[in-house]
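The structures come next, written out as structure tokens.
In what follows, chain A forms one complex with chain B and a second complex with chain C.
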Partner chain A sequence: MARDVLIDLRHITKVFPPDTVALSDVSVSFESGEIHALVGENGAGKSTLMKVLYGLERRDAGDIFFRGAKVEFRTPREAISAGIGMVHQEMLLIPEYTVWQNIVLGAEPVRAFGAIDVHRAREAVRQKIEEFQFNLEPDTLVGDISVAARQKVEILKLLYRNVSVLVLDEPTAVLTPQEIPQLFSELERLRDKGHTIIFISHRLDEVLTLSDRVTVMRRGKVVGTSAASDLTKEDLARQMVGREVLFTSQRQPQEPGEMVFRAQGLNCSDTEHRARLHDATIDVRAGEIVGVAGVEGNGQFELVNAIMGLAPMTSGALEVNGKDITRADILARRALISFVSQDRGKMGASINASILEDAVMTHHILDPGFSTWRGLGLNYRRAVVFTEQIRTQFSVSMSGVRDPFRSLSGGNQQKVILGRELLLETPFVLMDQPTRGLDVGSIEYVHQLLLDLRSKNRAVLLISADLDELFTVADRIVVMCQGDIVADLATDTTSREEVGYYMLGGKEAEHAETGS
Partner chain B sequence: MRKQVLSGLLGVLAAFVIGALVLLFQGFNPVTTYGALLQYSLFSASGFAATVTRAVPLILTGLSASIAFASGPVNLGQPGQLIMGALGVALVGLFVRLPPVFLIPLCILASLLGGALWSGLAALLKRAFAMDEFIVTLMLNFIADYFALWVITYPLFDPSALSPMTRRISTAAWLPDLGGVNTSVLFMVFAAVVCWLIMSRGRSGYEWRMTGQNSLFARIGGCKVDANYVRVMLVTGALAGLAGGLMVMGGPHRFVKGLGANYAWDGIMIAVVAGSGVSGTFLYGLLFSALQQGAIGMELVTAVPSEFIDVLQAVIVLVVVAGRVSLNMVFDWLATRQKLKESAE
Partner chain C sequence: MNVLFGLFSAMLIGATPILLAAIGGTFTFYAGIFNIAMEGMMLVGAFCAVLGSFFLHSWFLGILCAVAGALVMAGIFVLFAVRLHTDEFLTGIALNLFAVGLTTFLLRDIFHVKGAFTDAGIRAIPAVKLPLIDGIPILGRLLSGYNAIIYVAALVTVLAAFVIFRTRFGLRLRAAGYNAVCLSSSGVPASTIRIWSLIVCAVCCGLAGAYLSLGSVRLFAENMSAGRGWISLTAVILVSGNPWGIAIISLLFGFFDGLTVFLQGSRIPTQFTAMIPYVATLVSLYLYSVRKRRQA
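Then we have the complex of A and B:
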């Protein structure tokens, strides 16, 4: 069916100095009343393009037309009042407020003297919930509802402001497999009511199920726009990556060896003495990759902190290679544990330091070859050699070892961190979402690295929010839900649905199925 | 690094141009004014000697602030630490009788300990009660100031003097002049070299800098960040204390009221302009010292009041600090233009 062009982006170019061309002469048009998927690897420019449209990023060249007229949104507020709303990956809601309070926040109906008209606000929200059949209770606290429900609140927040175009940035990334169909049926309902939906994703199956048309982006350029019905998953993957992609795991069967890592009955509380981790017990053997699945915020953070000694445990025991490290300080743990954190800029490196300075951390203490003058000095010449070793061994592309770390791309930053940690040659490796924010090529690289570690008989504990990743590399998957380890499953005999079922703690999963 | 030198040079140059405009606006001749400034600070033997001697407290307190800021702790207690260092030297110099070879090192040690005691107190309060060193060191400045005033007004008061001051310290503790330049300069240069070695070649300096940039990263990397915090506070306190000690030993040879003047605050300002780098602090310390020294000559030769130098210093601080950021923006803008042109081809 023929639709009108609603949004027309013409020749958009965006440069992130010094030399990243995030968008290069991008032209896309979105038609009214369609679900239009924008797909591409991380770093392909999909989010940047939408941020340019939404007034969050300035473009360096190009024009934007909305309903036939040239527009210029300088802030998201201007975009929203024109009728374009965006739901970001990180949700910005106030947990202490109720659903309706969050929705009206910033656009409250007021009575005389600026007092909020509570009755009218609540009623308006209730009407919107009914209109779009969103299965939400206006008076519950946002802090008490699931991530999927919070996402609905974010969408309603925009619908309450009467937007006709919804941009969703990877909306399924935070959902479990069971929650996704419900979101999709809601989005389809919105489309049928005349809304236009732009849907950013890199998950091919979803894109093909949901969207009417698909635009593929690669390295800041548009590869093409086609009707979803004309495409297969393989077509899309080829367009996204620029070459054929294997969807099968390279994991060879291998017998695990000796017990390397053992966490027994770990208990942790937060600052308000609420238990955040109960009786977590995990074993990892040599040559084994154990995956930890779970919706974010279900105790993974506390588990990492407990293993690394960053926060005190209330009880429990930790052991690596038979050595008790329950009470060991961080340095003693680092001699046994390589650690790749999920947040490169916060824990993994100092982004303002040079690559060399970030590369020698921990080695500078554990390896006596790095000290001069009886431990007072740091051997910078040796540090240069070492950084060059990381560069060649982990194929990092950089111009010089003394360049600032932040000048590297995300994938190369992660390679430097992986190189530093893996060259510690420890028996146990802890990886907390090591592929987060990386492009497909880098993700493949990290997965290969993990499998190499496995064949070198290292023990790996891999925490990941991405089920595909766990099914690609892990031998066993343990599932965390609300601080408990609720399942320990062999990858070869389980399914994504079973893992998803445990991630939601069983109960809510049934609810999600009946709700859709 | 090269960018930093460029932005520093451009900034100082721009500040002098702005200063010249101010002078013109006020009806003074900028050429003769700047001429006198340079004549009395750098291009005469006595002026140069005075500039270098004046640089001692400026550079030492500047290094103290630089190392602290680069490593994390916001130590703003240089004025108090300087006073406590000076007081340490006064005590040793007044009551210990030893030949110079022993007394001078002992005095230096006393100045280091005096400053470290004062910053150590702030570190202790941080560790025990999680009190922020930012506010504690500021408050300790007042305590040191009035404590020193009490000491020189009552217990150590020189009865022959008209205003609060101690008697002269033992001549064995005096630092002699060599060709007009006071030998305290040698101690300052030595301290600056040690600071540079620690920060740029030492393992501690590496850990301190990493902690200052991202303490969680350093902690996970196995650095003992709590112990390092205490060490940084003690070292930076000792540096400020050394500044005070050398001022007593090289200058009036006694603790007089108002000894510290504004040196330590200027030192903090220098650390900010230098972006907390050791070599930058050294160079800006010399520049600010030359300006302050030249101001005296400028007032002699021209009718420009010496307060003009305060204005010029402030302009340098603002232009250099703002310039660092805006110069990066210019580089970014140029890079964007270049890329746009490339992609158009």
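Then we have the complex of A and C:
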């Protein structure tokens, strides 16, 4: 299959001031009518490279050729009118607008006096939906449709502008396992109609299933481009990380011990008095990792808030090591629960504080050894020793303990937080999406840490949107859907498909299968 | 009967400046700008209207001057809040305070008076007799013969509803408020839309100011906008920007404003009657929040 080179990126270099080299002499060519995957760890430069192409980032050196001619896109608008469109990771749609309004925004057909030609706009959108078999209704509000459908709206928005090249930045990150095959068949259909698709991902299985060719990037450089059929998952991982990565779970069989954490019949309502958590009951034993699966926004947030005492419950009981903490204040809970929140920069740490200050948070109250003058002052010498302990024990790479927390990379920030929490030596550990936004190497580290906790007989409750993660470390998986716990499955006897089925609420999953 | 007619016309007269300023404010509201500078734009407009009308001997040029004055205020807002990304609230406060100081200073410097300036040389905006309707017995008396700006205000309301909900500009305007990044990535810079919304706001506030000083009276008094810009902000926020809702709130306020004038002759002290519009605003805020809580 000899295809023409459509986009040629030659010797692209991009330096973020003062001295972070995001892209160094990157050359890639994309052929017309192919699905080309761009893979690499976070920070490898995949997104930056695409942003340079798309006119969102300036480059410092190198040339871009499109259809054989040298081009220079200064804004996304110029890229789109030339025929290159990008779907961003965070979807940019207006929930208050209907599907067709979102699609035509910025390129609206008008009649006299600038009035929108609603009929023509709606028909054009309907025609595009039919042409690409997207199964959308033009008049529904975007706020009422699923994440997968929103993604289709984003893609249609670009197709409406007649782009021939689609760049998708981690499109599967927000989808459930059931929704992914449908996206893939749509993308394949687009390719067969002659579109070129550039697909950014770090999920190796997907890359191998979907793409024709794969380019691997590492630390701002291209490692190589090869046909997907010549590659195995292990090859890709080695190229991405630069060393061997083990995919097989090292979870050894282990009998769980005593009951450590028990949540009984938790009920929570949101500010508008809709129940967001109904009768949630979860038990975690010592030496056991229990995973919580579910599409985001199905009660996980409320569950975490209820356990940590961040929001009032309407009813229910909480217990750690036989101690009732239903009405305990947050500090009393923190003496029993290590908590890694999903938002590193807001709840997990203060990004403008120093690494040392973030490291001793909570410890400085619970451990009187950190205070001087009866709690009026902080024992800095002890705090420095403690921070150094986190640095060595959790292999954090930082230049100094007094540097601002935000100067650390995402993986190192998470290591500091994990270190702080795990050194609390509590019987129960609550982790809310601990690997979100981390690169493959750091994710592997966190998983190893979780398994170590398990062998040290700590009880762990792990909330995650990543099924692979749950299947790697969890002993049991409970599934949440619309505030209910709908399933409690042993990892060894269940499958991703079964978990996915419950995530979509069973019935809806059946509907989606027959509907597509 | 005469009392009713009087009350009705007082309602329209009281409602007009608030309606105009609030319609202007709703454009910036939809564009996602927290704009509180209507008060200052209106005051500068009122002053420039007198200035233009007095020196150029034309009410029409007076109106143009009012709009130009308000546009200068909008220009300052654009420079600071849109271009330099300063805080919109602080910029608005600064502009409102600046407007009071500037007009008071210019009043003393140009006209050499304190408090208020009035002169026979100031041309007022004429009243308009509506053709056809003027001939109909009761309806004619009810609707015809008002100041030209009042009809302009009614027209502006209808136009605003059309522009905001039916046109391309309106779709982009609301998009700027809902999700500016989305609009910009769709190829329309949100800052351009915001600048246009401020221009529309300034034109409306300029008209409101011209009505204050050249409408039923022909004078400029220090701080003569007297909080009407703030009331218009209340109206905008109360109905989440809907032009028809704004019209109703403005008429309600105009009615209570008119009521104050009627009660002045009665035995109730004027200090209390002057409170009526503001008390009405508070009561409507209360009723609104109660209704909103019931819906939830």
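FYI, the second predicted complex is superposed on the first by the 508 of 516 C-alpha atoms of A that agree within 3 Å, B and C clash if a C-alpha of one lies under 4 Å from a C-alpha of the other, contacts with A are read in each partner's own complex, and residues count from 1 in each chain.
The rule is simple: contacts are C-beta pairs under 8 Å (C-beta built on N, C-alpha and C of every residue); 3 or more make two chains touch, one makes a residue touch a chain.
Predicted model only: the values in this text are computed from it and were never measured.
Chain B and chain C, once both complexes are superposed via chain A, fit side by side.
Touch criterion met: A:S350 reaches chain B, while chain C stays clear of it. Touch criterion met: A:S24 reaches chain B, while chain C stays clear of it.
After overlaying the two complexes on the shared chain, residue contacts for A:G377 are found with chain B alone; chain C is out of touch.
Of the two partner chains placed around the shared chain by superposition, chain B is the only one that A:I365 touches, whereas chain C remains out of contact. Our angle of interest has its tip at the CA centre of chain A and reaches the CA centres of chain B and chain C; in the overlay it is 50°, to the nearest 10.
Legend: residue contacts after superposition of the two complexes on their common chain; A:N321 is shown touching neither chain B nor chain C. By the touch criterion defined above, A:N457 reaches neither chain B nor chain C.
Using the contact criterion defined above for the overlaid structures, shared-chain residue A:L331 touches chain B, although it does not reach chain C. A simple residue count on chain A separates chain B from chain C, and the partner touching more is B. When the shared chain is aligned, no partner comes close enough to touch A:S226: not chain B, not chain C. For the overlaid pair of complexes, the smallest distance between C-alpha atoms of chain B and those of chain C rounds to 10 Å. No residue of chain A lies in contact with both chain B in one complex and chain C in the other.
The touching residues of chain A, when paired with chain C in their complex, are 75-77, 80, 88, 92-97, 101, 105-108, 110, 113-116, 157, 272-273.
Only residues 13, 15, 17-19, 21, 24-25, 60-61, 308, 310, 330-331, 334, 339, 341, 345-353, 357, 360-362, 364-366, 371, 375-378, 380 of chain A touch chain B when the two sit together in their complex.
The residues of chain B lying in touch with chain A in their complex are 197, 201-207, 209-210, 213-214, 216-224, 331-333, 335-336, 339-340, 343. Touching chain A in their complex are the following residues of chain C: 162-163, 166-169, 171-172, 174-175, 178-179, 181-183, 185-188, 296.
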